[in-house]
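In what comes next, chain A is part of two complexes: it sits with chain B in the first one and with chain C in the second one.
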Partner chain A sequence: MQHNEVIRSMKTVTLTLTNPSELLLEGQSITPDNFAGKKAAEIATLDVWEGKQKGPLGKYFTVAGDGGATAADTRIILRGDCTRVKRIGQQMTAGEIIIEGNADMYIGGWMKGGKIHVKGNVDSFCGIGMEGGELIVDGNAKHHVGASPRGEWRGMKGGLIRVAGSVGNDTATFINGGTIIIGGDADIHVSTHGEGGTVVIKGDARGRVGGQMVKGDIYVYGTIENPLPGFKMVGEVEQEVDGETALFAHYIGDLGERHPISRGKTVYANLYTRI
Partner chain B sequence: MSKKVENVGCPYCGVCCDDLVVTVSDDGKKILEVENACAIGNQIFHHATGGERVRLPRLRQPDGTYKDISYDEAIDYAANVLYKAKKPLIYGFGSTNCEGMAAAAKVAEKAGAVLDNCASICHGSSFLAMFDNGYPSCTLGETKNRADVIVYWGANPAHAHPRHMSRYSIFPRGFFTGKGHKSRKIIVVDPRHTDTAQVADIYLQVQQGHDYELFDAFRAVVRGHEIPDVVAGIRREQIVEVADILKKARFGTIFYGMGLCHSDGRNHNVDIAISLTRDLNDFTKWTIMAMRGHYNITGPGAVWSWQYGYPYCLDLTKRDIAHMNPGETSSIDLAMRDEVDAFINIGTDAGAHFPIDAVKHLRKHPWITIDPNICMASEISDLHIPVGIVGVEVPGIVYRMDNVPIQYRKVIDPPEGVISDEEVFERIHKRLCELEAEEVAKEPVKAAPEGVRVGE
Partner chain C sequence: MSELLIKNGFVFDPLQGIKGDRMDIGIKDGKIVETSALENPKTIDAAGMTVMAGGVDIHSHVVGPKVNIGRLFRPEDKLFKSPHKSPTCSRMEMGSSVPSTFKTGYDYARMGYVFVNEAAMPPLHSPHVHEEIRDTPIIDNAAMPVFGNNWFTLEYLKNNEIENNAAYTAWLLRATRGFGIKVVNPGGSEAWGWGLNCVHIHDPVPYFDITPARIIKGLIETNEHLGLPHSMHLHCNNLGNPGNYTDTLESLRLAEGYTPKNNFGREQVMHVTHLQFHAYGGDSWGNVESRSKDIMDYVNAHDNITVDMGQVTLDETTTMTADGPFEHHLRALNNLKWANVDVELETAAGVVPYIYSPKVKVCTIQWAVGLELALFSKDLMRTFVTTDHPNAGPFTRYPQVITWLMSRAARDETMKTFKWLDRTIESTSIDSIDRELTLYEIAQMTRAGPAKALGISNIYGGLAPGMDADVAVYPLNPEDMPSDPAAIEKAFARCAWLVKDGVVTVKDGEIVAEPAKRTIWVDVKVPDNAQVQRDIYEHFLRHYSVKLDNYSLFEEHLHNPRVIEVNAAQ
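Right after this comes the complex of A and B.
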């Protein structure tokens, strides 16, 4: 079948937070999927929540520009202080969101595709349950970056999360796939219960790195303040990580956890620390 | 003639002793004697009739003093606060019955509130671990009748649950444990050498905040792997020795407390304790149990899980969707982030237990306390509604720490005119329905909902 390449012209919707809420805002409707095919005036009628009060988006934001024909053709730019706006880009499948400053919780939660770029900091639970796409944070992120939602043992499945700064605790809990790259330090619990995927910490990690981990890879460039007793060093390896090659000490673990056997060999999680 | 009431349940700690004998004065107004209870249990009964009780709701006046008002006025005030708030928080329930909790949930749903209980600052992390990893538990009766190895990890029942050791774990003679204490091995893991550690056969002084590493070491040893010489301050030989005892037990129970739930990592400490319990079941029978604090703090978990599917931190602001995510919908986080604009403190003392910054944030908005007694919360409230004391003046169902429901009875009547938590909430619910109906009557033709609802 002949595949016709459509030349896409992305349309940009600019939201400016001009009338901030008193408590908080839940902005799960702010996704390219919801904006696609809508004129600015229609976008302004989409729901956002402040506690139990439902209000139109236009009550809080000024909306400029129309959505593209599809999600993939829609770019959303958020201006103003969105420190208290949650759930931007939640469950998005395509398109692009640029947040000029900070944003609150659940940014890019359960996202399946497209790209989110946050130029400031984000709060907790960003990229949780992620399946695809890209979430880029220029600042810091709080806790549960790329972790699984509570009680969900099938965590992040795919996609890329990049946090230039540091992260709080519980990064990549129950990770199953995808990649998380942290430019700075990580607090306790990295890839706890991990069953796949890759996490790179370019700074230091405080501890509990790979606890109860079954499969998957972790790279730590700095030091691990409190390494776990369940990880055993097995050698040194040279590996290419995020475009650069370096020498790493290779550990396997968590030896306390169950591990599958594949082709007669036990599969362990790998922890690499830079030498 | 004074009257003796037997088989009375103690409304204090999660041990829920139901063998108390309470002697009541002739006129049924005074409690004279309490038998079988520990010192704290004793106190809770004597306190009821010992001093002056608040008999009417009290409303804060512009000059800062309290003025007595009627229950009707108080109910109206509370309903209006809940109705007008965008995101009210109803928190507490450590010391009330399940009937009160169910009525409060009705109110929360109607008001679009966040509904949370003291687990939020206590064993809530245990719930998170259970969601992630299951809960291979048992009843206290099973422990009493079968267990020959007991582990107390980060728990100090000698002070917090005074009769736990004598009723269920260390000392009682059970069906298969006829020798009582003599046939049991007691292991205590705690950074502090507590009074519970005094009765231990083996005491492991784990380095504070490193329980997770110690569990990991136990798990690695149980699976036959090497571990470092010292883990979390404990020597390898001792870890290996204890792991061997755990594996050779006939039946074991790990009782854990705040040492796991409220040191770094919280739910993960409990989570890996559950993992170890599961591992040990490859060799013998092991169980694990949370040392729940108050006599019915297990109750809201049971009642609300049945009503909404979640035990605590329930965000019901969308009414037909229950959302739960501690870290976001937990009381302290909501308060610290200034996300709520009204607060009802019921059957606990948030004034005493919450961090001062959380209290300051909450205090910017209306604060209502529902409690039998004067406490710190009642003294900083806008409204204090007194209620009868459950287990002393009000009967009801409570859940013991092992999730066993027990019917509590009352031994005396509440002070004249004072109603129960359940009645307070039922009446608030009724008033909320009226307010809603008034609103609908005011604007008979409601505009069609604006916009499109996401996810529909």
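Right after this comes the complex of A and C.
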């Protein structure tokens, strides 16, 4: 949104994981919102949890650079192997996080704005409950990408998740809005209970795509190994997706689910498979 | 044990008719005593504050299987909504609309409550209920087993065998360590086993061929035959539907001609719960309107009935009731997740999350209906504060409900947030009511009245010498009431002091001690009844999936009991 203008004044905080935790590290304090307005030394005192023990961020990371005046003016770069650091960027509203390698679960969970760029892989639950902003993963992601948190029926509301590689199961459960673009394949369960939003799978999908889906769109470029019987083909359409135009077979569904009526017409979820 | 003197507070005790007099309250060995009986008491300075007996909640769903289903299937009710562990509490607290047992106990205590009546215990699952009672700290609990869809009850009442039904009721109260007779959608939850409902009180129950009206009357007769502390406690048929006020009035009329027979000071024969859900006019959600005036005109004129509000608090919450067909109906309205359970021979239950939004006309009308019921009441010793926790809102919102009742400005403030304000005002009377309840009336609605209706006003709900030393002190000066309604809410949310059984339990709104809690149950002696013994044996042999020997609560499930004995054998 405000990127181009703000980037010039952004200040960068570099966290380097020099003393990895023995247990998984709960890193929800690593957000531009928490770092904004703080000097490097103050940032090093922020709480992180390792199991049931609370410790300062500086126990695990060396901190270089101060936060910007606001979250939007703050960029965080994470170096070192963060494969076992969870919840980076959780609930962030603005600013930028760059993770140079891998990261653990819940990256960008409940994020409302700003941008996260992960250059490696992430574990499960990245971008869950997302409301806005951008989450870019260059590698693969595991399960529940952009899904709703457990039990919650109000899933992803907005924003963009882009995973260059493949994803595990339960992508975009209860999606309500926003866009998820998967460069590779997706395992079972895509957009289950979806009521809006768009999911693009540029590789193959294994099955249960759009189960109990009420509204919203799914694009699958490759094949669906086990398509659901609740989707019915209604024609062929040409569509522009992620900057390129292609021909798709158009299905509506899930016919086993309730569907709202808008202006006298029943609204279905759309599933497009590339021809 | 230690002595305590609560000095110089403004005391409100409707059971003794004390209306804000500056008085001292003496406490010794866990009981209220005359101050002259104290020798060397510790002193609590309550100058400039409001002193009341500990609060008594007549209807709340806090323990048992359906509450736990609510906890289990709503993890989102805990996420980002659970406070960090208080350093002064022994246990973690979790959840919002369906709090953990520990949070339930702590939050009631912080509001100055000491007694909570669990509104619906499925008899078969009474061990679960009692295990959760044990795990709910501080507050004393009772639990009412449900009778309105029980096969024994339906059979006895169909044949007009009140004496047999009374013997069975006494047996079940003992088997479940229950407190009184709860009736939920009489006949309707049994009909739900056939995928049906009893919407009106003259709809026959499938197979049993008895009407809800007959069940209600029969259970009033049973209750008075036994002389239980509490009356028959009714959740009417046709809950939550437009136009249901006529069914409610018909149900209320069933109490005509009955007088209370008991030794507990109870004056009603029927308690009608969450009346808000039963006071709607219109014939569709498009034209639903308040009929609280019609209902309260009837209640005001009939003093053998007590009611509680079931106030909608405009929150996201979790509905849960033994009214199985209603929950099915609700899930079809909001398309959210639904849990449904049959309890063999006895009852059913359902659970559905629900959002009461100030942006939805029906919700804001419901909000108005609940408040109107209390504001139209001519006798607040018979009209009690509840939210039917968690059905119309969590109990933690009682301070807000009290504030709405005490302040027209607070109501106006809330109404400003309504999307359909004009339609709400058109369909209700709330905007024409200027009444603001007094602290004395609030004390009636939140402790004295419920205690009396439950038949426990010799122990709870008042401050007379000899009663349990349960005293709440609120940081509110009746001679200098705050002009900002938010200050009233804050005072009732976090009492300055709560003394429970003579132990200082809450100080400045924080839990500082967790005194032993009790389970209150009613043990009724009835003459030996071979017929009923044989019927129980037969039903367990033929119909129950458990053996009779494994059915009754084992002693180890019962936590710190306080038995109320009733002799109906003469």
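Assume the second predicted complex is superposed on the first by the 267 of 275 C-alpha atoms of A that agree within 3 Å, B and C clash if a C-alpha of one lies under 4 Å from a C-alpha of the other, contacts with A are read in each partner's own complex, and residues count from 1 in each chain.
What we mean here is this: contacts are C-beta pairs under 8 Å (C-beta built on N, C-alpha and C of every residue); 3 or more make two chains touch, one makes a residue touch a chain.
Just so we're clear, the structure is a prediction, and the values are computed from it rather than from any experiment.
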item	value
Fit or clash - chain C, chain B, common chain A	clash
More chain A residues in contact - chain B or chain C	B
First (chain B), second (chain C), both or neither touched by A:F125	first
Chain B versus chain C as contact partner of A:F61, first or second or both or neither	neither
First (chain B), second (chain C), both or neither touched by A:R208	first
Chain B versus chain C as contact partner of A:Y221, first or second or both or neither	neither
Which of chain B and chain C A:Q28 touches, first, second, both or neither	first
Touched partner set for A:G151, first chain B, second chain C, both or neither	both
First, second, both or neither for A:G230, with chain B first and chain C second	first
Which superposed partner A:F248 touches (first chain B, second chain C, both, neither)	neither
43-51, 79-87, 133-141 or 169-177: stretch of chain B that collides with chain C	133-141
Intersection of the chain A residues that touch chain B with those that touch chain C	149-151, 153
Of all residues in chain A, those that touch chain C in their complex	149-153, 258
Residue ranges of chain B touching chain A (in the complex, touch as defined)	85-87, 111-112, 128, 131-132, 210, 212-213, 215-220, 222-223, 225-228, 231, 264-265, 268, 271-272, 275, 279, 317-319, 324-328, 337-341, 449-455
Complex interface listing, chain C residues touching chain A	73-77, 79, 335-337, 353
Chain B partner contacts - residues on chain A that touch it in the complex	22-24, 28-29, 34, 45-47, 49-57, 105, 124-125, 143-144, 149-151, 153, 169, 174, 188-189, 192-193, 207-208, 211-212, 226, 228-230, 232, 254-257
